[in-house]
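Both complexes shown next keep subunit A, but they swap its partner, so subunit B is in the first and subunit C is in the second.
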Partner chain A sequence: MNRIAGALRSPVTFSVLAGVLIGALFLVGTGADPFTAYGAVLSGSLGADGIGSTLTTVTSVLGLALALAIPLRAGLINLGGDGQLVLGGMAAAVTGLYTPLPAPLTVLLALLAGMAAGAGYAALAALCENHFGVPLLVSSLLLSYPASSLASYLARYPLKEPGSSLPQTRQLPDGVALPAFGSSTVTVGLLLVALAAATYWFTDRRTAIGYEIRMTGLNSRFAAYAGVERGGLTLRLMATSGALAGLVGAIGVLSFPYRFLDGALTAPGYTWTGLTAALLAGAAPLGTVLASFFFAVLQVGGLSMERTTEVPRELTQVLQAIVIVFLAARLRFPRGRLRKKAAV
Partner chain B sequence: MFFDSDLLMSALRALTPILLAALGGALCERAGVFNIGLEGMMLMGCFTAVTTSWFTGSPWLGVLAAALAAAAYSLILAVGAVTLRGDAVVLGIAMNLLAVGLTSFLLRTVFGVQGTFDDPSLAGLPLVGGFSPLAYLAWAAVAVATLVLSRHVWGLRLRGVGEAPQAAATLGVSPAKYQYAAVLVSGVLCGLAGAQLALGNVTLFSENMTAGRGWIAVVAVMLGRALPLGVLLAALLFGLAEAAGFRLQGLGLPQQATDAAPYVVTLGALFLTTARRRRRTTPAGAVS
Partner chain C sequence: MTPQRADAEVAVELRGITKRFPGTLANDAVDLTVRRGEIHALMGENGAGKSTLMSVLYGMERPDAGEIRIDGRTVTFADPGAAMAAGLGMVHQSFKLFDSLTVAENVVFAAEPRRFGLVDRAAARRRVRELAAEHGLAVDPDARVGDLPVGLRQRVEILKLLHRGARTLILDEPTAVLTPAEADALFTVLKSLTAQGRTVILVTHKLREVLEGSDNVTVLRDGRVVARLRTAETTADEIAAAMTGRAVELDRVHAPGTPGDVVLDVEDLTTDAVREVGLTVRAGEIVGIAGVAGNGQSELIEALAGLRRVTAGRVTLRGRDITHASATERRARGLAYVPEDRHAVGTAPAASVADNLAMGHHRRSLSSHGLLPPAAVRAHARRLVERFGVKAATPEVPASALSGGNLQKLLIGRELAHEAPLLLVEQPTRGVDIGAIQNIHDELIAYRDAGHAVLLVSAELSEIRGLADRVLVMYEGRVTATYPKDGADERTLGLAMAGGAAPVEVGD
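On to the complex of A and B.
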């Protein structure tokens, strides 16, 4: 069969088009011209003024999308991204503030501390499933709330910047920051996340463990029969996932405004955008990168859409969710009906 | 004294939304549909209740509209998971996200405010004997659900559909029909839960105001093994944790500690019950 025709009839294409179309209906409903609005999304996110902001957003969205895609590849859903992200950010902030080492080493240590904090916390959720029989979906989500509360408490009381009215820590010492490209807000963090994506691609395609993960995702009973030890795999996948979420938190703290501000890491909803991207891509490595870019464009472009057409930017969040609703319902353009099972 | 009747009263007030949503979740679970979209359905209920009460001046119409809107919203899950055989987990997550986006979007387009809509002239539900009328409804719903599930032919068929859909179909019971009914009823109950939250517990709408209560309800279904009475006990546990949290906050504990309390308590309870159940039932080395 023709590959292009096949791609056109895939549920992904259908979902994205349906999302864009329903978004256009919403725009018409609020009295805006859909072409102007979508034009503003594109020019605002990909134009000279917006591309820096888009790439900064891509750093966070792709980081979390990878974090959630890696367990998803084995059929596991980590809903605790927010907690792991925040703990990673907090660990990086504490390391950055209190390490008496040269700045570059401190940065490295802060990144590692962030990854370790996220990994440890996510591993806890895996242990809940393995040893207590609490489904991962639920344990990871429930653990997320106390983590956010803890970080919020630390930023408001013991670590609060004296004299500040905001719930934030002190600014990190001079030089304890990720190098930025030129005068933009894009930092080396983008490269770290890109490296993670490349590693994921290689692992998924070329290694035995990547094969085991995919097998478990396709048919966990078969994989178990073939000798994949499920508990250990869950633990390792969740630790990796949490490490990536923690890394994103650390990158966030080591970039402008160089401190931990309560709510700043979670407010933009990167975790949910990342999960949406991972689901849309079916956790495939390259697809996850593309989907993250698509959603980052929407998120950043939503702001300029709001400026030009006065349509609230929350519309882009609606659009994102609609795409996933259609995708989950496995709707697609007709004529592929007989092959439904083969494409899952 | 720490444990007194006031604490119990505030626990009973905190538990109503969770109980309503969890009952809906339990029905779905019994019918074999894993419903984790409770949070989103509740949020749609909150928004519809506040909007309708604001424009008509009647909180009762708000309650009715919330139930209808959330039921309509639950059709996404019914059509997606039952008719189209999509993944219920992904659908539920998407429904929760869609509800957050949609209500925030509508909050800005309808009321022109961001974050919270709150007006002194917004009519909330009256109290009857110290409780919201919906609280009595929730308790009655527990009794009705218990009776229907254990005694009535509808409940028995619903359980049959959940346990062995093919066997039920062979006996001429349409699984799809019962699953649709369960999902729609859960929508109605979540709509009522949302109305209770936005017009009973407080009288306002704020973005993402359900704040994880729908997820607590999902856990309550697991804790209560999808039995209406079990769900009631699980919801009571959560209500007590929330009420005790408020009490501790009054005694000087930071708000963050009390915010986290319900989640920690629920997780702890989940550990205890599932660990015991597993020791009893699962043989060592069982697959999946």
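On to the complex of A and C.
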């Protein structure tokens, strides 16, 4: 009961509702009917036609949100999601194209290669902080650019599909693809990401390392005082984070269009949506899942709203931005009658 | 003693001040009368409402009810500027000075003497010299404030108030950071100020200086005035009883322990702020390190805990060299540590009480195969909360909801529960209520008597004298004197802390 009251009063609820309300004012201002527009967002993303698209988006957004939430839980920010994502995708594409093994094994190998590439590259950023004192924020962000450029170069020159006008690799051999559900675009990638979320939840709540991560995030000097070794923790968290980003890249390549297309992984901005979701949830496992789903709904539903109501889909980005601004201001509903007894 | 001035006119009068914060009544119809020319001590435990009352007086908080009279006139202050204009001045516990500016620049800041629209530096220096000479506050006007010791910085704060014409000075815990000699000097200054007709309100919890330096005492408890006493007619026990609401045994000197084998052996330890320190601590013994803050004690303890790099020397814990071991290895070898800064180092205030109590135990008794069952964490928390009398509504409330004393009990309880052969403990009772101090001291003595070694750092001489079996004095990074229990009175220790010790060597 108390928990429900707490959740209702939390800044997250307040921010989301405030975002929706202010968005409604925008809609009224442009002459649109807010109910129709929001209805279009919901039916477009959760209706029979949209749910597949939403779940595909959730796969990427949640994967990257987890990738960013895990180090964020310890107060570390990995800004290199794009680079790790792209390297993971490229590693998966190369593995998929050149492994002379049966298709199922190749798929497995490609997933692992993607994770390894992302993990290794993210670990590099951690090493830069641990050994050269480059702040992680800076090292992870700056390392991201050469990674994107390298993948771009590979897709445009050595690995380019002969005869194609697009900067893309050849299509993966037949069968080298993640199994999809029915005729949808939703693949077992969604299950992998869901598994990662469950693992994260379990680790966070019920393991000693999860406890150390949380305490480091709440007060890193406290953790260090008690003997939590920061450098090692940073390295492990970044490797895990990069592995997840790489996994999302690999899933992207092992799904339609079954190849590495330069820019295709990063263009939708999943890294930033994921970061937003992780921040919105304060990196808490369940919250990260909910926030990812919320943003996927906005992203997919916004497109459908644009089609059916002529309200530009940018409105959903305005909505996202308002939610974040309110959240950053840590506003919450006044205590009023919900006031709890003050702790001793 | 100072004569009573019951007939003197009233300088500051607070009547029926009530201030409510969400969930607490910080001040409940408080009356305070301070007469011109007196040193009036305002006492009370943490959370008794002293700070709130002074914030109200100084225009930082609006009272919900009540009135303020200065020199008989009713006033309302919108902000501290208005309070200053009415002749009030406050020295906060943490000084508000510019370290990179000179004494003169700090003193005249925001009230500069001007000449052709520019700051007249010569006049500023002259003004500081005049004020300093007039009030016996000798300090070099051209010295950079950042280079001055704490005692002199405090003088700069007082000069600042005098420059602005403050007739009533409010000092918040002014002696917390001073040596006994500096504190004595401060009281000499305060007495000369009151002799000239100025008024001093002293917010403090130190009984000794209140008894020696003040004229009247007002004691607050739970937001209400519980006692108004004339200092000449009261005793430390009476004030302590008023503060806590029960009889308290003050400054108890505990019986000595029975030292056994050497647990910690430190030879010529040197870090950035510690110079060639050698010491040993035996099982069943408390070794106390006395010293004014900033003389290397904190750095020494951090180096021993593995949180600061050792540049030279050797540290042995139970026969094993741990000079360069990590904090984790040291803890595994048998070290527990109660750090000075409870909020920034010793706890995670935003985490729950249960999570705070689990730290360090989470890899040992509470976990198996890397799993940390929440039920085990909760049970552990309930055990410690009960054993050490931590007042927490539930183990799930954040540690930041605890009072200073309760947070310290949590921290000490958690570290004692390690049953480590060596306990490092810094300022165990700083900011802790009188009632809780006794409790913490008893726990430390019991820990020693159970055969553990304790290295205690404290700025409170009564604490060192009450607990320690041997006393070391640190000055400028070195151990400058060593005394056996009862080997030094407060005066000798105070002198040694100020750097005036003739080194005394005793066998142990």
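Convention: the second predicted complex is superposed on the first by the 332 of 344 C-alpha atoms of A that agree within 3 Å, B and C clash if a C-alpha of one lies under 4 Å from a C-alpha of the other, contacts with A are read in each partner's own complex, and residues count from 1 in each chain.
What we mean here is this: a contact is a pair of C-beta atoms (placed from the backbone, for glycine too) under 8 Å apart; a residue touches a chain by one contact, two chains touch by 3 or more.
As the structure is a prediction and not an experimental result, all values here were calculated from the model.
Enquirer: Return first, second, both or neither, reflecting whether A:A224 touches subunit B, subunit C, both chains, or no partner chain.
Expert: A:A224 contacts both subunit B and subunit C.
Enquirer: Of subunit B and subunit C, which one touches more residues of subunit A?
Expert: B
Enquirer: Which of the two partners, first being subunit B and second being subunit C, lies in contact with A:S152: first, second, both, or neither?
Expert: A:S152: touches subunit B, not subunit C.
Enquirer: Touching A:M215, do we find subunit B (first), subunit C (second), both, or neither?
Expert: A:M215 contacts subunit C only, not subunit B.
Enquirer: Could you tell me if A:L141 is touching subunit B, subunit C, both of them or neither one (first, second, both, neither)?
Expert: In the superposition, A:L141 touches subunit B alone.
Enquirer: If you stack the two complexes on chain A, which partner ends up touching A:T207: first (subunit B), second (subunit C), both, or neither?
Expert: A:T207 sits against subunit C, while subunit B stays out of touch.
Enquirer: One more residue to check, A:F35. First (subunit B), second (subunit C), both or neither?
Expert: A:F35: touches no partner chain.
Enquirer: Applying the touch criterion given at the start, work out whether A:Q320 contacts subunit B, subunit C, both or neither, answering first, second, both or neither.
Expert: So A:Q320 only meets subunit B here.
Enquirer: Find the residues of subunit A that appear in the contact set with subunit B and again in the contact set with subunit C.
Expert: Touching subunit B and subunit C on subunit A: residues 221, 224-225.
Enquirer: So in the complex, the part of subunit B that touches subunit A is made up of which residues?
Expert: 36, 76, 79-80, 84-87, 89-91, 93-95, 97-98, 100-102, 104-105, 108-109, 212, 215, 218-219, 222, 254, 256-257, 259-260, 263-264, 266-267, 270-271, 274-275, 277-278, 282, 287-288
Enquirer: Touching subunit B in the complex: which residues of subunit A?
Expert: On the subunit A side, the touching residues are 26, 30, 77, 79, 128, 131-135, 137-139, 141-143, 145-146, 149-150, 152-153, 156-157, 220-221, 224-225, 230, 272, 275-276, 279, 312, 314-315, 317-322, 324-325, 327-331.
Enquirer: Could you please specify the touching residues of subunit C with respect to subunit A in the complex?
Expert: Within the complex, subunit C contacts subunit A at residues 22-24, 305-307, 326-328, 330-331, 337, 339, 344-351, 355, 358-360, 362-363, 366-367, 370-374, 377, 391-393, 397-398, 401-403, 406.
Enquirer: Spell out the part of subunit A that touches subunit C in their complex, as residue ranges.
Expert: Per the touch definition, subunit A meets subunit C at residues 205-212, 214-215, 218-219, 221-229, 335, 339, 341-344.
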